[in-house]
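Supplied in structure tokens, the structure appears directly below.
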Amino acid sequence: MIALAVQISLVMMGASVLLAFIRLAKGPTTSDRVVAADTLATNVLGVIALFAIQTHNKLFIIAVLALAILSFVGTTVYAKFLERGKIIE
Amino acid sequence: MSDALAAILLLGGSFFMLVASIGLIRLPDVYCRMHAATKATTFGMGGILLGASLIFQSTTVTTQALLAIFFLFLTAPVAAHLISRAAYKRGPDLCDDTTHDAYGKYLEGRKAEEESPQRYGDA
Amino acid sequence: MVWILAMIIGVLVTVASYLIMQRRIIQVVLGMAVLSHAANLMIVASGWVGDGKAPIVPKTGGPLDPFAYVDPLPQAMVLTAIVISLAVTAFLLVLAFFTYRKFGTDDIDEIRRLKG
Amino acid sequence: MNAFFPTFVVLPLAVGTFLFLVRKNRALQESVSLIALLANLIFAGVLLNATADGTIFVHRMGLWPFPYAIVLAADRLAATLLCLSSSIVGACAVFARSYLTDEQRKEAFHPLLHFLLMGMQGCFITGDLFNLFVFFEVMLISTYALLGFYYNLDQLEMAFKYTCLNLIASAFFLLGVSLLYAQVGTVNMADLAVKIKLLGPTPLMVVTALVFVFVFSVKAAIFPMHLWLPSAHSISPTPISAILAGVLVKVGIYSIIRCATLIFPAAFLILQPGLILLCLLTIAMGALGTLPQTSIKRILAYSTINQLGYIAFGVALLSQAGLAAAVFYIVGHAYLKSAMLLGAGLNQKLTGTVDLEEMGGMMGKAPFASLLMLVGFLSLAGFPPFTGFFAKLFVLQAGFSQGAVLATGIALGFGVISLYYNFTTYQRYAWGTGGGEVGAAGAGIYGSVAFLSAFAVVFGLGAYWLFEWAQLVAAQITNPELYIAAMRDLG
Amino acid sequence: MRSLILRTIAPAVLHLTLLFSMFLLLYGHNQPGGGFIAGLMTSVGIVLQWIAVDEEEGRRRFNWPYEGIFLAGLALSTLTGVWGYIKGAYLKSSIYRFELPFIGDVELFTAFLFDVGVYGVVVGVVMCIFTNLCEKETQES
Amino acid sequence: MPLATLAFTIATIWIFLHGSATPGHFFVGLIMALLIIRFLKKSYYQDRAFFRIGSYFRYLRSFTWELLIANVQVLKIVLSPKLSIRPGIIPYKTVCKTPLGVTMLANSITLTPGTLSIDVSDDDETIFVHTLDIDHPDEVAEGIRKGLEEPIVGAVE
Amino acid sequence: MSDARDYAIITEAQNAKPGIRFTENHSRRALVLDNTFIIVFFPFAAALIIPWFAERFRKHAAWFAMVAPLVSTWALYNLYGEWAAGGRQTFTRAIAWVPAANVEISFMVDGLSLMWGLLVAGMGALIVLYSHWYLHEHEALGRYYGFLIAFMGSMLGVVFSDHLISLFIFWELTSITSFFLIGFWSDRDASNYGATKAILITGSGGLAMLGGFLLLGDLGGEWRLSQLVLMPDIASQVSLGVFLLIILGAATKSAQWPFHIWLPNAMEAPTPISAFLHSATMVKAGIYLLSRFYPILGAHPAWGYVVTGFGMTTMIAGGLLSLRAYDLKAILAYGTISQLGLIVTFLGYGGKGAIIGATLHLYNHAAAKAAMFMTVGIIDHEAGTRDVRLLGNLKKLMPRTHILAVIAALSLIGIPPMGGFITKEMLYEVSLHPGGPGSWSWFWPYLTVFAGVFTALYHLRFLSEPYWQAAEGEAPKHPHDPPMGMLAAPAILVALALAFGLAPGLIENAIVAPAAQATLGGGAKVELHLGLWHGINTPLIMSVITMALGLALYFGFAHVKKVLDAVATAWGKAPAPNRIYDGFVNWLREGTWELLMLIQDGNLRRYMRWMFVLPTIAVLYLVWRLDWGANVFPQGFAGASFLLVVVALMIAGAALATALFRRRIPAILALGTMGYGIAGLFLLLKAPDLALTQIMVESASVVLFLLVFYYLPELKPVRVSAAKKIRDWGIAIGLGVCTTLVMAAAMNTHQFRTIADYFMRTSKPVAGFKNVVNAIIVDYRSYDTLGEIAVLVIAGIAVYALLRLVGEMKCDH
């Protein structure tokens, strides 16, 4: 049952990655792209968690934690840059 | 029982992630998309991580998953705030259906204030 | 699997080399970054032989089946390569920045004093 | 002696780190740097002496067993190049002492110099292909920095291009490593040699060898990968140019030699016609490139390409005679070209320019400097009794005696251009009426140029000893079994 | 540009990041992690904090001698190698077991010390590049 | 928050990271905490305030409920065949005084139905909220006040 | 390529040691006192110290320099005695320099080398003597005498060399030293031009010769001339190419048409140098080489055609050019070319008579022509010009010089009782009985007479225009006879020419005959009985005819000149050798720039294209030869999952987006997305460490990129033509396809278990690590990691150092 659920979830995640990617490619504004990238990063988080379940490797959860922290940093930096054209005032 | 719950959590989480992405495509402007992207993804990730901790039945995974969830909830709104504010300042680009724009008025006021000489004349 | 990996690498190399041949310094730097990704993927791919577990072995002793795990050596090599390319990319960025500041242009075609 | 190895990496690493720490105390920095370079040279000499009887020393990093550890190995070839690099870097450091004047900019020079030395020496002593990559990177990033650190507009442009081209080469290097690892699953050079021999020269292995040829060609400036060289060697600060031309390009050649003799001997035989063609193109490119130039350093840079063509030609002959000639050439050219580039720097000190158009009559104005340059140009042009003559002679002999008459003939034919550019450059420099007053240069500058120039004569008149050594080197490297056995037995 | 929200949240993120990087460093031998990853994690956390506050404030808070840190890291790694050299071959690692109060049995790998050196180098270099560029950026504007 | 509390919090999180609550690990966590606090010494002069661990369960419960509703609402909007939204930005005057309070409120607004904090005004008093579907701005404000602000004020102010 | 493709296993190099070798048993003590060594090496040793003495005692510089030729001559005298006492057997001395590579300095003593040695050393002494008066005290005497003596040493080395490489080495040394002597007045453009031309042409010939020598040495396995002459069948094995290469060396050195062009320009040298190098010795080195190789290659089928062809063309061209020249030195230089052509013609024809004739003529020419050059030097010195149009009536103004010039010229024209008459008669004699192969024997007498007429004509001109006729213009100085010392050297030479005519027995069998004998080789016996008077015979009649024709043409020179001018005008349109040379050199200087710009135009993008295209082509070629069925398809798409496809698409899409996005932030964003995708891929490939690192690096890179990119301008849409786009994409796709194919093939070619098995097995039990990747990084391969953190540190220092310059930085634009 779990395996099936994971498979289905993965398909949904795959679809959502593709959708987010479409937004990334389409824009139209850079802000849209940043949002899309942020979503994409979160999607990757989900994929990693599901993959951890699929391969039954609990060590991958650490990657989730790390990616969560870092995608936040990335988004922050982009946002700062977008607003002022620079990231340090 | 716990398996079923885990499966539901996983499916639900993934579903919300999907919803977020669909929202990203369908909603009209960056602020609306942000709604979907922030709420649904955070929620979805929470579901998936909880499901994972149920499946692994391991303290480490559970605590780490909880930390991750905590962290996501801590940061997602901040990211949303930063991006939307930046988006607004680059050029509001609000969709045509938008009814109110209090922020725009606020920014205009602040700008006028900064430019007015009286502010410094008081001293 | 083999083909998918190979194709990803091919696409990255294509994109990288295209970018590197463009006029803007930015594009060149981006191209270099893509190229380093491609190179890293190549090494990981070289260790791929099929399915296996991540190379983290159990605590308990006893005979261990190396076939059950993926090859750790390429991973270690890529780790090294990634960090090196980070260092070099950082340096290249600074260099690009200085070049731009000094020449006042980021058009490669215009930055060519050193002919011959 | 086996235990002695890590010195060549750890000493420059530690010294470089220390020198950066004490960067504010310039006097201390310089003296420690020079003492360390001297020590390095002595160690290299000791190692060279120890390898003379044919012993190949190995050091297993971390005492892990043979193909699994990173094994450092020094045979005669490696020891030779170690001596070469440390002596030339030492001479350049002495030169730089009075040459580089801007105190502010000097603070990073000595540390980077030691890191560069670390990179080069690491390349020479490693017996592991991936480790070679790592030390290539150490070496390269040091040069990127050294090229740019004393910068002006031209240096920036050049450093940027140099960095870009080398980054591409690094990516290709990784491609090569991955192709090899996929096929034979190892990165230890001796282990690679054994397994590749078992596999035979499959088309894929030939492609792999080709990838490595391209990679090392960038470092060794073999056509068409030489494109970075003229600017890099002519624009960079003179002591750096001298190291680049003297030793750095030799690292590329060294790696090609290792590939040709140890790792892919069979594949190289298949690639041989192409290699020889590339060598001839390199010779042509270098020779013709010198002609329209007016800067001495630029002429010397193209002449380096030209000479590298001959060296690579010796290697591409894939015979013991050819390799002996190449080794002889490598050593001779290293000292010669460093001497000449430092000589160009000396003249820059004297006249304030390296442009021949603004120079002239140096024979009367600065007789000793022009004598040093004369020795260099004669040797470069391949005139007896200087080292350049013997180097070319041995390569040509090897080529002719192997029956590669047409290719060798073409290589010989480009000697005409070499003759022309060397003599006209000397004329424009030493004769004529151009140029203004000349200034003075320090004893350190004259001393280091004279020291390096002396090798042109020493290895010319004493060609026997160098050639005997080159033959010993060639005998050892053309017999990869020795190298493999040394690693396997001690490993 | 200032953001109250970011300023308030960033310290929490920083603490978490630092702690997490320590975790990655300390347990890198048994799970994904190690000196590089931990070093990068630390640097990225500090960079975020720096972004959240302004340049002057960032410099005040994180005015650490980054050059010293990377040199020390390099020295530590090199010395670990030299320690191995004393033990037989350069970079030969040894394992020492200790009984520590409160903590219990501890295995000290010299390889771990090496990894700590790596950590120092990564943090030092990334932050050195970052601070230098920041300085440039503020000077320019 | 006093540094001692902070140290214990950090040590607890360390336990969470490691997933095993032995005294040894806790002790290591404390060492880590001390290290971190030592290094961040210069960062603590204004950001000491953290939340009072004692009384935030009410907030948590209320927040969780709002969160669920929020996601269902997003679901409805996104998946409905015809997009019928009337978005807008409204100001929300908060009573929270501390930066922590304002931040928590703003974040909670973002995570709950139909609203998203875009910015906080310079005087830290007004939160600008983007709302997906505005029929009555007052209702939105009331929802925020009831569902989020009150628990937050109770927890951290 | 050779068959020996496998590396031979050789444990030690050849154990030949450098050292000295004699054909006879000499003791080591003999080394220092050995005459051959003294002859050749003493001048070099002297050349090193002479500058010091010369600069210090400027007035007496010549006397220090004089020591060297005198010592060499003395040693030569001793050597001659030694050789004569040894029954005139050839003997050798060798210094093995690099024996393993067949490099040795070796000397061979036989009739030919002795004769040439005498010529060079004796002439050297006279030139030094003459130079003493010729050069001003303030000139660079040290350099002058140093190079002069070094040249003499080199020339002696050439004529004594036994080993081919030894010969080449000294040969090149003569080129270098002559370069410096020609360019002695280095601030004159003409000197520079002449020196370059000389070194380029003779040096190239030298290189050709080297090629020939190397091939010849390989062919026979023998590098010593003394041994090669003993291999009678070697000529038949030598290919035409090798033959031509060697002849090319000789032809360039002895200024054979069309390589003669360097010689007139080389006349920019001080006159003693011209006399020494360009009439007496160096230009004759080519003749020497032909003489040396006559016994070796004389039997080669091409010898006759090639050598004779060179000789005759040169003789005619030189004569014509001489007649049109106005500079006295040019008249002599072209005359020299013509005479050399004559000698070469005879050498080419071969046979005993021809060789003897050539040898004799060479000897006579050296003495007489050098004397004439010296008289020209005197005129130049005294009158300040060498232009015959500005000179006149010197017969009255410089009577002593005039006498010397007349005797020397008449000797070459062949008027009794000068030595020239004997050699001229000899040439006529042999032209009647050439004795060599070939069927053109009827042609030789006419040719020789023709040459004689030419010789008479330009020498008469040489005498009449400055000495006998009135000047057309005004000379800068009023000339008069020089001090007696300056006349000493030409006087001695003239006396020798006279002595040879009056008493040929002094040298005929002592010096000339052995030389001719050595040239003929193969144990030929040569006995000469020369005399001024042999009765009225055909040669005498030929002499008379020559004289008559010569005088007739001389008196009708105005008409001759018209014809010559017409010929010259017609010829001027043809690609004359000089114009080809100048064109070539100009192309070298300026034309190569365009060639260079095709490749090295400073455009990074072009460099990149070069770097991408060539490997691609090469790889494609090899890929084309792969066995695809076996190599690639076995695993195909096996193991691919849905997730992998998604991630792959994401990576590929992001990568393409990076390339296609026109704005920088989206491009960086796409790059970052790609990085995250790759991190995901790493995870799918079971590499959690990598995934983590990748994520971290990506984030750090984003920060750095954005920090820096703030300054870089927005990407503006650049107009790029469709063709260029297609080209760039074409190159990029080519490289990408290559990489894909090669990687796919490699991934299907796992032939061995990897060494990683060991790491897996020992990681926990031995190293103590559960995370094997980490174990590899910090333990198994920590040395790599050490290098890597060194890279990081260096990058840090580099950025630090670069950014320290912030304050100094000024924007240049």
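Letters A, B, C, D, E, F and G mark the chains as written, and numbering starts fresh at 1 in each.
Keep this in mind: contacts are C-beta pairs under 8 Å (C-beta built on N, C-alpha and C of every residue); 3 or more make two chains touch, one makes a residue touch a chain.
Note that this is a predicted model, so its numbers are computed, not measured.
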Intersection of contact partners for subunit D and subunit F: E
Relative to subunit E, chain with the most remote C-alpha centre: G
Middle chain, criterion being Cα centroid separation: D
Pair with more cross-chain C-beta pairs in contact, given A-E and C-G: C-G
Mean-CA-position distance for subunit E and subunit D (Å): 37
Computed distance of Cα centres, subunit D from subunit A, in Å: 48
For subunit B paired with subunit G, centre-to-centre distance based on mean C-alpha positions, whole Å: 79
Intercentroid distance (Cα basis), subunit E paired with subunit C, Å: 24
Subunit D: positions in contact with at least two other chains: 13, 17, 20, 61-62, 130, 134, 137, 141, 144-145, 148, 151, 153, 160-161, 164, 168, 175, 178-179, 181-182, 187, 230-231, 289, 292
Residues of subunit B touching at least two other chains: 20, 22, 34, 42, 58, 60-61, 64, 67, 71, 74-75, 77-78, 81-82, 84-85
For subunit C, residues that touch 2 or more chains besides their own: 16, 20, 25, 28, 38, 40, 42, 45-47, 53-54, 56, 59, 73, 77, 79-80, 83-84, 87-88, 90-91, 94-96, 98, 102-103, 111-114, 116
Chains touching one another, given as label pairs in label order: A-B, A-C, A-E, A-G, B-E, B-F, C-D, C-E, C-G, D-E, D-G, E-F, E-G
Residues of subunit C defined as touching subunit D within the complex: 16, 20, 25, 28, 32, 35-36, 38-40, 42-43, 45-47, 73-74, 77, 80-81, 84-85, 87-88, 91-92, 95-96, 98-99, 102-103, 111-114, 116
Residues of subunit A that touch subunit E when the two form their complex: 59, 62-63, 65-66, 69-70, 72-73, 76-77, 80, 83-84, 86-89
List of subunit F residues in touch with subunit E within their complex: 6, 10, 13-14, 17-18, 23-24, 27-28, 32-33, 35-36, 39-40, 42-43, 47, 50, 99-100, 102-103, 106-107, 117, 119-120, 124
Residues of subunit B that touch subunit A when the two form their complex: 3-4, 6-7, 10-11, 13-15, 17-18, 20-22, 24-25, 30, 33-34, 37, 41-42, 44-45, 48-49, 51-52, 55-56, 58, 60-61, 64-65, 67-68, 71-72, 75, 78-79, 82-87, 89-91, 93
Footprint of subunit D on subunit G - complex, ascending: 1-2, 4-5, 7-14, 18, 97-103, 140, 165, 168-169, 172-173, 176, 179, 183, 186-187, 189, 191-192, 195-196, 199-200, 203-204, 207, 210-211, 214-215, 218, 585, 588-590, 592-593, 595-596, 599-600, 602, 604, 607-608, 610-611, 614-615, 618-619, 622-623, 625-627, 631, 739, 742-743, 745-747, 749-756, 758-759, 779-784, 786-788, 790-791, 793-795, 797-798, 800-802, 804-805, 808, 812
